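Next up: some structures, all given as structure tokens.
Here come two complexes built around chain A, the first alongside chain B, the second alongside chain C.
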Partner chain A sequence: MSKSNKHHMGIRTLNRVSNGAIYTLLAIISIIWLIPFVFIVLQSFRVENTYQVGYVIPQQWGFQNYINLWNSDFKRWYLNTFIIALAAAVLQTVIVLCMSYTLSRFRFKLRGPLMRFMLILGMFPGMLTMIILYRVLADLGLTQANAVPGLILVSVASSGMGYYVSKGFFDTIPKSLDEAARVDGATRLQVLTKIILPLAKPIVIYTILTAFMGPWGDYVFARYVAFGTSSGYNVAVGMYSWLTNDQIDRMYTTFCAGGVIVALPVTILFLCLQKYYVEGVTGGAVKG
Partner chain B sequence: MSKNRGSNTGGSRIGSLLKEYSDAGYLRLSKLQKFIYKILRFFCSIPRAVGGFFVKLGRIVKKAAISLADNIKDIGATFVHGDWKTKTSFFIMGFGNIARGQVLRGILFLLFEIVFIVYMITAGGYWLSMLPSLGKQGPEQGYDPVLDTYTTLYHDNSFKILLYGVLTIFFIIALIYTWRLNVEQNKLAEKYLKDGKKLKSDKEDLRSMVDENFYKTLLALPLTGILVFTVMPIVFMILVAFTNYDGAHNGFSNNLFTWVGLDNFNTLLSWQSAGGGQSYSATFGEILAWTLIWAFLATFTNYFLGMFVAMMINKRGIKLKKMWRTILVMTVAIPQFISLLYVSKMFAKNGLINLTLKDTLGWISQPLPFWDDPTWARVTVILINVWIGIPYLMLITTGILMNIPADLYESARIDGANAWQQYTKITLPYMLFITGPYLLTSFTGNMNNFNVIYLLTGGAPTNPKASGAAGSVGYTDLLITWLFKITTGAESQYYLASVVGIMVFVVVALISLIVYNVLPSIKNEEDFQ
Partner chain C sequence: MKKLLALIMALAMVLSLAACGDGSTPSEGEGDGGGSADISGTYDVVIWAPEAAVDLTKSQVEDFNKSNEYGITINATVEPVSEADAATNMITDVQAGGDLYFFAQDQLSRLIQAGALSKLGTSAAQFAKDNNNAASILAAQSGSDLYAYPLTADNGYFMYYDKSVVPDSDVDSLEAIIADCENAGKNISYELENAWYTAGFFFGVGCHSDWVTDDDGNFISIDDDFNSDKGLIAAKGIQKVVTSKSYVNSSTADFASGSAVVVTGTWNYATIKDQLGDNFGVTDLPSFEVDGQSYHIGSYSGCKLLGVKPQTDATKGAAIARLAQYLTGKDCQLARFNSFGWGPSNKDALADPAVTADPTLAALNEQGNYAVPQPNIHGSWWDIAKVITTDIKDSDGSEAALKAALEKYEQSIEAVFTMSDDVKNAFTVIGSINGDGWTLDLPMTADGDIWTSNEAYTMDAGVEFKCRQGKSWDVAYPADNYVVETAGTYYIQLNAATGEVTLIPA
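And now, the complex of A and B:
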């Protein structure tokens, strides 16, 4: 009796020690993961100098960097990115849902070859197509100052290739629901709008969220298309130019302020919809 | 798995491991032997797999040839046996449909034919005829009668010829397909009417677009987008690999470009020194090696560390689970270019970390060469990638970890398995099985992970040996960032970028093919449903 009790105690202390170690580790991890962001926020309020320094907490606090931001092209870049993100969120979602619903629900002759073909297409580096897409957009007059519609067009046009996650979700909705509705005389369109879409709310929100977040980080093609014309930049291209060797000493703290302004709304939106994001990622990424 | 191991019972243990073992024989091997055996078996299966691939390819070609012959036979038969409506439809598409009352279909067919003919006469014929040469006359100095001065006169445009030439070929293929459809429909309609059945009315046709043919309606827009903005550019760029299209031959304002056959592949794979530096093939080999090492390390460090973090948070008795998760998930939300650029500058020579260590704390006298030493840079890139990737992996693995049946662990514990044994015997196999497909996509995704490399280092530090190669090649450059560098700058060797892009495709496709054939969980899509 006493022996087993002792054994039990041993496990409990062991458990407590290991839990303590885990808490410590998790705390350290949390600090490492948050620290750069805390630094960005702190440095965005630094007014005594604008270059990189060896300390984090500002000696003089102020909003000078945010005022600089307001007086720069940043407003325009922000608006550009916001428009692209909004358009992408609507159009990409429609296209991705069309594609994934079809591939999940319909069995037609070319379905297998189509999916295999898209898999192979996906193996080509997307960057390869930039050169020609740029020239085509240039011919259409959708580059430089008019980069925004061009970027929307390109980002939406091929978005059907990213159907995997939401197809994985549609696959989990039982097909018997469709069949029951079909027996009752509903057309396929009615099945989609009346039965599947209401059930697919999480994946719809997930798709909207990821489509909206994408353009905020889009750099390469945006740079290609805007091609040195500031009014056609998105935030990533514009702010990247602040960190080049000849600008960084003047613009470093402004970059930090810009980072805060860009990250804040996206992060808040994300945290509000976190549940759906997690659902989409865990459900869809695995099924591939 | 066990099925593949053959039926050779009771093989000698000391004998060659190349032999195929039965289940019993396999189980009698030691751990090391099992490991070697698996690897050997994998390599032994490669010739068979490659052979199988070609056999499959041959079968596909044969099937295609047979179906083509059948098609031609069928078309001929339709023409011979068809009535005058069908016969006329061979030349005026949709005539049969209209004559038999399916006006909507007929008009669409006819419209397509008219558009095609008009296009071919006005433009398509020209583009197609120029395609073999990619333009005959480049820009020249000449007299402009309108402006009454001497200026540069522009003539052919190689870029447009290639682009619209490809488009025209797409268009012709579409016409042939539509024409075949038109013939088929005439044949069917004739047969239906002969059998006394009714043809579908226009109204029924329209209704079917939201019902049994709803998939066609849904796919029309996405597939058009993919065709125009992905398939066509890829075909175009593959063709560019066989031309000399670059900054000095931009096809319009300076020189035309033209077909050069396999020259560009020879350039990339040749051993001759390029511009005083090492050969292209050596540069390419170095970058490819680093790309593969990077993809491997980036995938698996993230995978195992992310799983580790998820397991820590999931452990029974750990409180505030939601808070730990939210802290990590929050970092997913912040656009990568901000975090990557910021961290990149943080580790720079005169960045926050070096300045703090040097000036504020006085621990070092020289800045640490995070981005200036090849090894430092590579290690730093991988570490920062861990920082970027763990939250995402944590999310993915958390869900799967929670799905592992708890009684598996319970019985393992009763059998006296310690935590490590539970991990290697239960958690890891389960995880690897479920996340196999994800690991593959993540590996290939990392091979093409432009953002992390470009925003962190831009490929730096520069590799002086590769100075002769296009673009400035650095030690952290992946194939994809190299490709980007090749296409920018004054020289803009687009043809070389195309060749590199094709190489990336070949490598990715090979790896996917191998993994696809080894992993059990990718193969059957329907199993998940």
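And now, the complex of A and C:
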């Protein structure tokens, strides 16, 4: 009795020990993962001076860096970025979902060739088109101070080609649902909005999120299009301009505050929609 | 089908737009401002100034509008663009770039070659030369012409130190400073893995490295003696710093993170003053000792410049030239000194009591006795010269290893363009031989005027090649590519006198 009891305890202790080890490991990993974020947040509240120092915990706390942000061009950059990201999120989502619905449910002669054509076109590295796109935008007058509509155009223009994941998800929704709705008198559009989209919520949210994130973190193209004109910068380009040799000592903590403000909406968005996001990423992978 | 057609049409449209996008910019400047022609009027001008100077520049332009005698009204848009970034931004699209822009002098050649700087006219150049010190004029010069107006002459480095670690009696000796820092467990921030700082040691022992440019901003040759007995002394000096456990490769204001000595420039003054408080010390660079001889470490001195973009409208160009002269004049330079501590290049401003009393400018001035004005430097040199330091650091410390580092440096700069006469005159074969895509020069040997390839090559019919001299296309035979008619293995022979190419079966 006592012997078997001991044995039982042995397994439980073993479990505890291994769980303890795993949790310690996870805790260490998450601390490592969180250090840069904590560091940036702490630095953004440090007001005793504005340059880089050799310690992490501020000696004096305050909101001066955020006030500096408010008084700089940062407001404008933030607004620019937000407008671009929002417009891209709305337009791209509409285009991608329509595209996926069409390619998933309609059968027309060029469907196959068109999909193959887009696949090949998609292999062409987008960065290589940068100079030509710049010239086109410059000739249309959509650079520098007008960079915002220019960047919206660029991020939305070829978005239809990113239909793969959502088409894959739509393919898993049984066609008989469509047919039933059609028999009941629904139009094609009604089938999309009333039947498919409610069933495909994760993929819709995934599309919105990725469309929003692209322009939110864009640097290379934004810098190219808005060069030398502060009113056309997005946050990445604007904040990077604070990091030159002659400015970093004055702007370092303000830069950290900017980093926090930039990360906020994205973090909130992700925390709220995380559940759907994971479903969306994996959902399209299983083809029915 | 319609969609495909639309796509093709769209592509065609994009391509045609791109084709007409290349606008030509006038290469020759008209920014003379010397003539008596009427240049009054209102002009829209975009000015790129560093973020800190934006507000001051705006008010200076307003002052110019009120005070100028030519009836010019400038409607200025001032954009914050760092002088370190100006060339990168200008080269993106010169037409859309700023009309007037602040830039650091090392970008001069790139900007001239991109057609982003207008040459100063005779009277404008005279104005600049009369008012600014010699080093700053040299910085704005390419060939015999001036391409920009000097704004500052403070881009040099010297030494900030923590008086509590390095006593004033030690600051003249590199060895004493290293010992003080090692004993106190403090760091020495000296960015020797950056050619700008590396070169200082070599200038200190009397070496020179001069690049020669022509009027179009092209580099013609280099005269450099870093790889010499004197250079070896400098290498030993560098070795002393980089082998110390205190050495940190940095030029930022590191006093808050463990340094007691930082070699950097005026731009870090305010920060360092704040970091060190009462222990603040600043002076010229120290001397180092090799074989009983003492050598004062040298440095580069450099400038910020104000560039004027070439204008299609000559009157506007002349008006902007007037504005540029005003902005680089004594009053504006002094205002910048008072606001951000930028050391003036203007002779009158340099004599101002406030300027002579400034501690960092005093240190810079003292260091100036050992500084070499930074000329136009080929862009590749920075990467080549900094390797000297890393090679010394990674070496076993023997004299042979130091010599090898300098030898490697010399070979690298020679490879930039200074080819020996033998290489310049020699012919080589280049083409689609051996499946090569015109990338490899195959050697030939001369017998009088007759050059023969060193090897016989197996070539299929249709293989094309040319013989060229000095690995460039200035002299190349035959005029059209030589096309092999019958497959086989041949030596290639060239008569350099007639330009005739023949194949000799092997």
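Basically, the second predicted complex is superposed on the first by the 263 of 288 C-alpha atoms of A that agree within 3 Å, B and C clash if a C-alpha of one lies under 4 Å from a C-alpha of the other, contacts with A are read in each partner's own complex, and residues count from 1 in each chain.
Rule of thumb we're sticking to: a residue touches a chain if its C-beta (ideal position, glycine included) is under 8 Å from a C-beta of that chain, and two chains touch if they have at least 3 such contacts.
Here the structure is a predicted model, which means the values were calculated and not measured.
Counting residues of chain A touched by each partner, chain B versus chain C, the larger count belongs to B.
Contact with chain B, but none with chain C, is seen for A:217 once the two complexes are overlaid on the shared chain. Of the two partner chains placed around the shared chain by superposition, chain B is the only one that A:22 touches, whereas chain C remains out of contact. Once chain A of one complex is fitted onto chain A of the other, the partner contacts of A:84 are absent, as it touches neither chain B nor chain C. In the superposition on chain A, A:30 makes contact with chain B only, while chain C stays out of contact range.
In the superposition on chain A, A:181 contacts neither chain B nor chain C.
Of the two partner chains, chain B and chain C are each touched by A:52.
By the touch criterion defined above, A:136 reaches both chain B and chain C. Once the two complexes are laid over each other on the shared chain, residue contacts for A:152 go to neither chain B nor chain C.
According to the touch criterion, the shared surface of chain A, contacted by chain B in one complex and chain C in the other, consists of residues 52-54, 132, 135-136, 248. Residue ranges of chain A in contact with chain B, taken from their complex: 15, 19, 22-23, 25-26, 29-30, 32-34, 36-37, 39-40, 52-56, 95-96, 98-99, 101-102, 105-106, 108, 118, 120-121, 123-133, 135-136, 153-154, 156-161, 168, 171-172, 187-189, 192, 213, 216-217, 219-220, 235-236, 239-240, 243, 248, 252, 255-256, 259, 262-263, 266-267, 269-271, 274, 277-278, 281-283, 285-288. Contact residues of chain B toward chain A in the complex are 159, 163, 207, 210-212, 214-215, 218-219, 221-223, 225-226, 228-231, 233-234, 236-237, 240, 309, 312-313, 315, 317-318, 324, 326-339, 341-343, 345-346, 348, 350-352, 355-360, 387, 390-392, 395-396, 398-400, 434-435, 437-438, 441, 444, 448, 450-451, 454-455, 479-480, 483-484, 487, 494, 497-498, 501, 504-505, 508-509, 512, 522, 528-529.
Residues 49, 51-54, 73, 110, 114, 117, 132, 134-136, 138-139, 143-144, 224, 227-230, 241-242, 244-250 of chain A are the ones that touch chain C when the two sit in their complex.
Chain C makes touch with chain A in their complex at residues 1, 3-4, 14-15, 17-18, 20-21, 48, 50-52, 79-85, 89-90, 92-93, 96-98, 252-253, 256-258, 267-268, 270-271, 274-275.
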